[in-house]
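A, B, C and D are the chain letters, set down in written order, and residue numbers restart from 1 in every chain.
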Amino acid sequence: MEYVAGIDSGSTQAKGVILDEHGSLVGQAILNMERNMSTAAEEVFHLALADAQRRPEEIAFTVATGYGRYRVTFGDLQVTEISCHARGALAEFPATHTVLDIGGQDTKAIRIGDAGEVTDFAMNDKCAAGTGRFLGAASFALELPLSELGSLAMQATAPVKITTTCTVFAESEIIGHLAKGHRPEDVLMGMHHAIATRCASLVRRVGLASEVTFTGGVSRNVAMVTLLQEVLGTPLNVSARAQFMGALGAGLYALDQVRAGRRSAHSQEQEVVL
Amino acid sequence: MTLVVGIDIGSTYTKAVMLDEEKRVLATALRRSGFKPAAATAALYEDLLTNAGVAHQEVTYIATTGYGRYMIPFRHTQITELTCHALATIHHFPTVRTILDIGGQDIKAIRIDERGRVRAFRLNDKCAAGTGAFMEKSAWYLGLTTEDIGPYALRATTPVEISSVCAVFAESEVINHLSTGVAPEDIMSGAITALGGRAVQLMRRVGLEADFALAGGMTQNAAMVTALEAKLGAPLHRPPNGLGQLNGAFGAALLGLRRVERLQTEGHEIPTPGGDGATGETVARRWSTFVPRRKEGQATPVEQVRPLISA
Amino acid sequence: MLTTVESSMISVLERCFELAYADMPEEGQEEDQLGVIGYFPVYFPEEIVHAAGLRPHALLGGGSTTEVRLADARIGSFVCSICHSTTELGLNGTLRPMMGFFAQPICDAAKHMVGIWGRNFPQQPSQLLALPQNANSAAAVRYVYDEYQRLCSVVAEWTGREITDEAVRASIHIYNENRRLQRELTSMKRDEPARVSTAEAYLLIRAGARLRKEQHTALLREALDTLRERPVRPRDKPRVVFLGGFCEQPPLGMIEVIEDTCFIVADDLLLGQRWITEDVPEEGDPIWALAESYIERSASSPVQYDARKPKEGMLMHMLQEARAEAVILAAAKFCEPGLDDQLALSRHLDAQKIPCLVLEFEEKMTSFEQMAMQVETFAESLLFR
Amino acid sequence: MVSPQTSPIEADARATGQRLINQWLASLGTARERGQPVAYVFVMGNAIEILQSFGFALVFPEINSLQTGVRKAAPDFLAKAEDFGFSPDVCSYVKADVGLMLSNMQHPSGVRMPPPDLAIASNLCNVYIKWAEIWERHFGTPAFVLDIPGKRHAEWRSAPDSATRIADTRWVEGQFRDLIAQCEAITGQRFDPDRLAEIEVNVNEMLRLWIEILAFNRSRPSPYNAMLDGLTYMGVLNAYRGTREGVEFMRLLYAEVADKVARGEGRVSNERFRLIFSGTPCYVNLRRMIELFESHGGVFAAADYLTYAAGGLDSAGLFYDPSRPVESLAEVSTLAAQMGLSNHFFSHHTLAQQVKDYAADGLVYHGIKSCRTVATSMADNREYLTSRYGLPTLYIESDLIDPRYWSDAQIKNRVDAFFEVLEQRTLLAKRG
């Protein structure tokens, strides 16, 4: 039995998955980025191996994705997270035609054709950057863990209208609204709405086509999912493994390589053949 | 005897200072503003009285400043933090003509005259905001406390460049540098240099007239002070014995004292609290808060400009 | 307890507010059953469209109440708010009733608006009215005349309504009367700022961008009569000139924050409504009269080059005429012409030792704490001089 | 794989171009001593022909500014302008030029730029006019604003002999007459129509060749990269427009490109994807940007930028009629503005056409944060073309010369993903 690895080396988190030769996930691991990308990738790789109870030499091929993909020293091939998120989303939800991924650094909308190919993609221009970070600012200001923001927002009864999506002013805006006596949940809902609107406009850049799959950590935020469905007017697929979509996609690309008869050469530069 | 209180209600901290007629600091107090600044301030005021060991009725005059200056019903008057900083600074350093105030949300450069009157001032562009907060966040990413930043950055050997003006992108740069294994002290020092550069740029816009003084949160940040003094090629005066954070409150108190003196020399009695509306007066009708009759789904009320005060 | 004068003033202003911030009326719903031609700032020869029996509709952006949902997918985030919100109003259907859309080459973003309109609303004709940036050539008036003639035929083609000289002359007469009343209001505000606030004057003039001019004239008359009756309580506030309202409109809240501590005795708000500064000749070729007035009887703005109107000189003249002691220089975020002039003027004022406050705004602003702080400090620095 | 840029014949035209550009820059430094009058002009709408006929030395502040970027000196100049008070939102070309003024006109090329006797700003980019106002304040040189009406909407063309064609041309000609009078006043010489006619003959010849050189890049593989080699060619096209050197350069270039096409030699050794570039380049990282694409075998066969920056003269195959020099200058300038220069406000048609003409596989938009002229409606434009033609497009964002806006990781990420898209498409096409 041969195995492959997919490593998603983002700037704030590293994720890794191990797939068997049928493409089923046998191990996964996630790690908050410490000092150095390369070491973090190594670490997450070994954690995933441990989770799958496999040894490094059993891994026939490794594909790296994410901003740090060229720093994954043991990666055999680098593929961008655009292709990987699309591939991962398709594996989980085969009817996917649009992928939305909200990350801390970037928000991406990906359009997928009927043959499962990426036909178009859009990433936030500078000022819409880090829409995910906008939530980080909220948790900072409200002194709440990120994971609780969504559920709290859902309790809103009179959402506040928030016009700025400038992350810099998010905190002061929140404090301002609270000082005016608005309830935290109402302010939070306002913020979520502002972000959802921003992300929706990104999806519109590539053209909305159902089914829509929502990937990335933020997809676990219930308020965000609800609002996006409302703003986009279509239900969203959300996988339990939403955070691992990139890594999963990378793993599947690795599997392609193995099926095409290629084996790990641990060379940095290989011609990308998708 | 005259007891004057200055309260600075900032977005993160609320600070208070009590002075006597000799401008001696009798007591100071500090609290997080939290979500209910009015309540926080009331509590803070109690702290101040306790610290000073005086009772409510002994206090002659209360002046408020900071973004919450209108939220405090028991004030006599309110004044903006810029005017307060100017007064406080000239009190400590009669030769200062340009003040730099680095706050959490914005940087302010103020030109003053020999009597501490504001002559010109400039705030950073919207897109260069959030600088102080950016320092805090960076420190947080690096696993440091705000206090550590200064000493830490001083250890830098090969500082990196943080080029983004926008705090959000700057943050991304920090994260990226970090993830590529750059030493934290080099990143921090890079961030400080960048911030210092922008601050001096702002000072130029008001004329860059010597001497210079630094106010706000960064006064205790050795690295920042060094960076700024290097850029300015001149020393930066800083408020003495930890008054830095209290500068706004101190200035408000000084102004309150002036007002009391004026009232007494002119033989008026001190008005009852509630704001003498020097600048707090509001127009007959706030059209901006007026909601037009719109088709369904269209009506969205415009935010109230600011809490209207009822004198 | 409000006086009768005050309450009738408020009722007039409420009507103005409704109009000033109302959406475009649905087809046919408008009382006078007119077709509507929309135009993007700054100036547009409304008389020509008015003469066709249509209602010219100044597009003044989405203010702080329009939620931009669709336009952000079409326009970069580094472009001013009024382009985003105007496109949004198009995409969300608010501007559907327009029979046509015009923009002028005031800036590069505005020129793009015509391209955006053409791509997204092919069923709604759109054009650039190519007003000239060279106002100093001997050939300028003739060119504007030709471009206005072209406008006449375009409007006729779009709406099937011919535009006769008699009709244009009649419209000019109506507009001249309206302009006289606007000038009266402006000078009242300048001479007795305590009698009418800038926010009030703003509502009165902005309502005119949503009404047939004859109706607006009646409304202005009523307002002016009431205002003359209004008792005035003089107050001690610094007299300032406000610049920055020539295209994207600052939110009303911003004007009010300024007026809390200052008297705005002169400004460039809604400049397009006041671009022509004198009566347009009512005899001779009316189109020529309009063209000549555009070049010879007009205000100045950061988006119109005219060697006869150096920006610094125009501002100093404004200051003296309004007996103002200080200037507030505002610029819309991402408005390059505005930002360029803001810098030049602030440097000039510094050199002249005239106090000035530099502000940055966006039509969609909703919180004014920081701005209030700056304006109050400015006022304090003026009062404690 | 970046193709060898040292193949002898390519080095030739590029080298000659570089030499001409440097010669021209150097000549500007000595214009004053020669007592040569100096005119500041922009690349879009500039009446160079008239100025040449009066023997003006031509300063292109846009080229000065981009040169600060190419020579990695931009940051200092930008910093000077921002210290002076210019907003980050203002065009970085303007700021670099202000930096130059604040540096005693000492340009990184080593040339001390002369102040203008005359400055012409057209309306084709409104920033030109604000820029010229800055010169008015700094040099006291009044601006000559040349207003050339362009398209009134995307599908709009002024028919020959139509009222508008006549009116627009008359307007432009009127301004040329004003300009000629001003030139006479400045130089103290009479206007010489025959000299203007000679210049126009030269321009016609340069143009005839330029149009064919552009057409050569339709062949596969493309002999040159429109966004690298093309920029050098353009520099000469502007600085030497109407001159003998200009004509000779174009002949040399024509021969070189023709030869390459004949030999089937491409700019990139393994041309895999033919691309169209929309927008202005990033001059600080130009090589890096091109390398990002060429390393994937992607070459820019064409760019709308070439039209804007070449005065739009190629856009409709317009030629001067030297027998009526001034009149025909007015006619051609008017049409060039209509069909070429005002196109970035309606560029969807042109781009669609270029994609067809050059058999392009994809379209790359480069948005400039501080340039509303090219970037305001790129997203809308992109949406329009992708939704209609299903064309693969890429949107990247940086700046003209401000390195602060170039984030390599982000741009590489987008470019790599774009080529993965293109690869997938070819793969699917193969599968049928």
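Keep this in mind: a residue touches a chain if its C-beta (ideal position, glycine included) is under 8 Å from a C-beta of that chain, and two chains touch if they have at least 3 such contacts.
Keep in mind that this is a model prediction, so the values were computed, not measured.
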If you take the chains that touch chain B and keep only those that also touch chain C, what is left? A, D
Compare the CA centroid of chain C with every other chain's and tell me the farthest one. A
Chain B and chain D have mean C-alpha positions lying a whole-number Å distance apart equal to 49
Suppose each chain is reduced to the average of its Cα coordinates; what separation in Å results between chain A and chain D? 40
Which residues does chain C have that touch at least 2 chains other than itself? 64, 67, 73, 76, 78, 333, 366-367, 369
By the touch rule stated above, which residues of chain A touch at least two different other chains? 67, 125-126, 161, 204-205
Check each residue of chain D and list the ones that touch at least two other chains. 85, 87, 89, 367, 369, 379, 383, 409
Is the way these chains touch best called a line, a ring, a star, complete, or other? complete
Would you mind writing out the residues of chain B in touch with chain D in their complex? 125, 127-128, 163-165, 176, 201, 204-205
List the residues on chain A that touch chain D in their complex, please. 67, 78-83, 106, 113, 115, 117-123, 125-126, 204-207, 272-274
Which of the residues in chain C come into contact with chain A in the complex? 64, 67-73, 76-78, 364-367, 369
Within the complex, which stretch of chain B touches chain A? 11, 33, 35-37, 68, 71, 105, 126, 129-130, 133, 137, 166-169, 171-172, 175-176, 178-181, 300, 303-304, 307
Sites on chain B touched by chain C in the complex: 67, 79-83, 105-106, 117-123, 125-126, 207, 279-290, 292-295, 298, 300, 302-303, 305-306
